[in-house]
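A short worksheet on the structure shown next.
In order of appearance the chains are A, B and C, and numbering begins at 1 in each one.
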Amino acid sequence: MIRRMWITLTYMVFALLLIAPLIKIFTGSWADGWSGFIEGISRPQSIHALMMTGIIVVVVTVLNTLFGIMLAMYLVRAEWIGRRVKRLLNSMVDLPFAVSPVIGGLMIVLILGPNTVIGAFFEDAGFKIVYAMPGMILATLFVTFPLMVREVMPVLQEIGAQQEEAASTLGAYSWYTFWKVTWPSIRWGVIYGVVLTVARSLGEFGAVLVVSGNIMNKTQTATTLVYQDVENFNVVAANGVALVLAAFSVGLLLLMEWAKKRKEVH
Amino acid sequence: MHIEVRNLNKAFGDFHAVQNVSFEIEKGHLIGLLGPSGGGKTSILRMLAGLESPTSGDIIFHGKRVNDLPPQERGIGFVFQNYALFKHMTVYDNIAFGLKVKKQSKEQIRERVMYLVELTGLKGFEHRYAHQLSGGQRQRVAFARALAPEPQLLLLDEPFAAIDAKIRTELRTWLKEMIERVGITSIFVTHDQEEAIEVADEIMIISKGKLEQKGSPWDIYKNPETPFVASFIGESTIVEDITQLIGFEDGANTPGTKALIRPEYIEIGRPGEIKLASAALSGKIKQLHFRGSEWMVELLVGNTKLITYRSLEKEILHPGDQVSVLVHRAYLFNDHESWIAENTLKVDPMPIHI
Amino acid sequence: MNTMFRGKAWSFGFRSTIMLYFILLIVLPIVGIYTQSFSLGWGPFWESISDPLAWKAVLLTVKLAVIATFLNICLGTMIGWVLIRYRFPGRRLLNSLVDLPFALPTAVGGLMILLLLGPNSLVGSLAEKIGIEIVFHEPAIVVAMLFVTFPFVIRAIQPLLEEMDKSEEEAAYTLGASRAKTFFSVIFPTMLPGILSGAMLAFSRGLAEFGAVVLVAGNIPGKTLIASVYIFGEIESSNPQGAAAVSVLLLTLSFLILWTVNLIQGRRSGQ
């Protein structure tokens, strides 16, 4: 009896908070029929924005994965970093979680913007950072930074250094040890981290909005386009782009589930 | 508390964990439920506690059927295998929990808890948390906690399983003493025969969900009622072909009869060392193992391997030596029946008087 | 000899690159924003903070984040419990859906809420009839915050419930405790660290949330303008120093929370 009540209540919360909005995005983008949806996403700015998002996702995911794995290895294994320093660095990894994306964007503008020393220097050299692709990638790297490190670190801690030490006593050098011993254990953690990174960089909005200046057909991404469309009361068009993003997210959610399960098995 | 169980059954889906188990336990007895892991012992214990409900059958405490009573109202104490101490509470609060539930006064609770703390030798540890205690101390806390509300029946699920072998023996004696002192009817589950024999007044052997035999440890050792019990308790070797033995010809009349022989049923010696030579077989020493206080001897009679022990006081044997082997008795069994048979040749059929 | 030296130099360069990346990407910007906001001294910093629109925005953010967190604690505890303890059709599906707000772009989340609760929608028009305005008012902001922080509490208590020994609960039953008593004295204390750290994370995410809120809040200064949107407005109107001042305020608050969470989790793993 009580059990049924709790289950019903749970279903209701899910229906109201998660399922209804998701359905609404799907139906909303068909509000003007098929053509409205097609028009919404086939506008030049839509295609450009989706492309920008795609580039950011790919670049950020690759960089964050490589640096994330390496940093996690150092924070867990390295002996050349003192224990205290390690602990300090470790607590700093989470900082981007506590920083509002808007503030993250602001930081980059403050340090690398056209009015700063560094920003001006690069601009003179013909390399624009803020209000251009490099700044947007930096902003997204900032917000996604903890995701990979935090997935890989616990796995490394759990497996311990013994297997790697065993490999080295058997004559294996670091790269070989990494590929044959370490990688198989952290693989599913890394894959989960990749999925999280993709999701976050696909959806990053606040930081990118501040850094990009949201210039149509130049620095506009899919999420900032949705924002602009809503501001211009062009809800159906916004819906079209949002639907594409939402579809990706649902796909990512499935991947997350799959990776999580594999992660638990290993 | 007097306990009676009638035709108890428990099925988990297709799996029949407990089948038609019936027994009675006298007030004040300490009972060991012994059997291999996964044999249904824990299920029986949990049904007695009310943590699991029987598929069919009756559980009767003091002449009253308690099948439908929830665990809260059965008046039992339960010591869990991993103790299940409340991690966020101190030793004191853990022991006091059952008393607080009963809404006893602060004074009463304090008195009872301090008494139990003293009794279990936990004085000075009242304000520690579970993770600050050793395995043995945790077990004492779990024991004290279960006893605090003065239950009528104490149930212990593998109480020594999570404890280092070294202090296990010590704790066994302690627990037996404690239970005797409190005078509470207790049932504990174990898969370790040594433990059951040492601690319990009475043992119930459970295998594959069935009650194989109930009795005192000595009784069960001496007169096993089923081949399973015979092989489970004590050491033994099974002889498939009993025609290789002499003195047990009666058994060989029924085809398919096998013999179970314990090391202590066998006597060995150099030819001539054994008096009843006519009842002895000849065998060969295969291997000798030094066991600290005696020799374990593996020997071959024909192609049957037997095991026995030999005192260090006797003459030392060597592998390959020829020996006489006297099998005093054997536990014979076939598909229909089982019995203990004495070596018939040991009693000289035609005594010669001089 | 030569190869060993080359190997060492190579690994030194490699290490330095990774560490430099970490420091440039994470540490430098945060130091930068603190120095920037105090670059003109205490006076301008104080002026930016004491602008009524600024502190009203911060206060509003804190207030709404508290409400959203509270709702989250109630709903999250219930859902975490139901998903772990009960077996019912659709459980696995619901369990996967929990992560949806993490996977979905926040701007899309905001748009979804706008569509669902907006004045033209069924819910919106119904609410309007009884005199409650949702979108462009405080309720919509709370809903948006609730949406994006939904998974935190659930994901924080699930592992605790899973690793919790069922026998601890049974021990309470055999000692005579009722279901309710067992829940409050045995199960709830086990879940508490998870609830706390989940709630802290949800609160700090609520404070920081921008994408979902900016679309539904209406951003009326002094009324529905929350801190992160205020900061965004200041940047747009070329007042980076003012934006930095409010950011520092918000950041310090978030860092305190993060630190507390680490402390709680540290204590837990220490046990």
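Worth a mention:
By definition in this document, a contact is a pair of C-beta atoms (placed from the backbone, for glycine too) under 8 Å apart; a residue touches a chain by one contact, two chains touch by 3 or more.
All figures in this text were calculated on a predicted structure; none of them were measured in a lab.
Between subunit A and subunit B, the least number of touch steps comes to 2.
In this view the innermost chain, defined by its CA centroid being closest to the centroid of all protein CA atoms, is C.
By C-beta pair count, the most extensively touching chains are A-C. Chain centres here are Cα averages; for subunit A and subunit B they lie 59 Å apart. Note: centroid distance subunit A to subunit C, computed from Cα atoms, is 16 Å. With each centre defined as the average position of its C-alpha atoms, the distance from subunit B to subunit C rounds to 56 Å.
Per the touch definition, subunit C reaches subunit A in the complex via residues 14-15, 18-19, 21-22, 25-30, 32-33, 36, 75, 78-79, 81-83, 86, 88, 90, 94, 96-97, 99-109, 111-116, 121, 146-147, 150, 201, 204-205, 207-211, 214-215, 227-229, 231-232, 235, 240, 243-244, 247, 250-251, 254-255, 257-259, 262. Subunit A contributes residues 3, 6-7, 9-11, 13-14, 17-22, 24-25, 28, 67, 70-71, 74, 78, 80, 89, 91-111, 113, 138, 141-142, 145, 196, 199, 202-206, 209-210, 222-224, 226-227, 230, 235, 238-239, 242, 245-246, 249-250, 252-254, 256-257 to its touches with subunit C in the complex. By the touch criterion given at the top, residues 165, 167-168, 170-178, 181, 185-186, 189-190, 271 of subunit C touch subunit B in their complex. Partner subunit C is touched in their complex by these residues of subunit B: 49-51, 70-74, 76-78, 80-82, 84-88, 97-98, 101-102, 129, 131, 145-146, 148-149.
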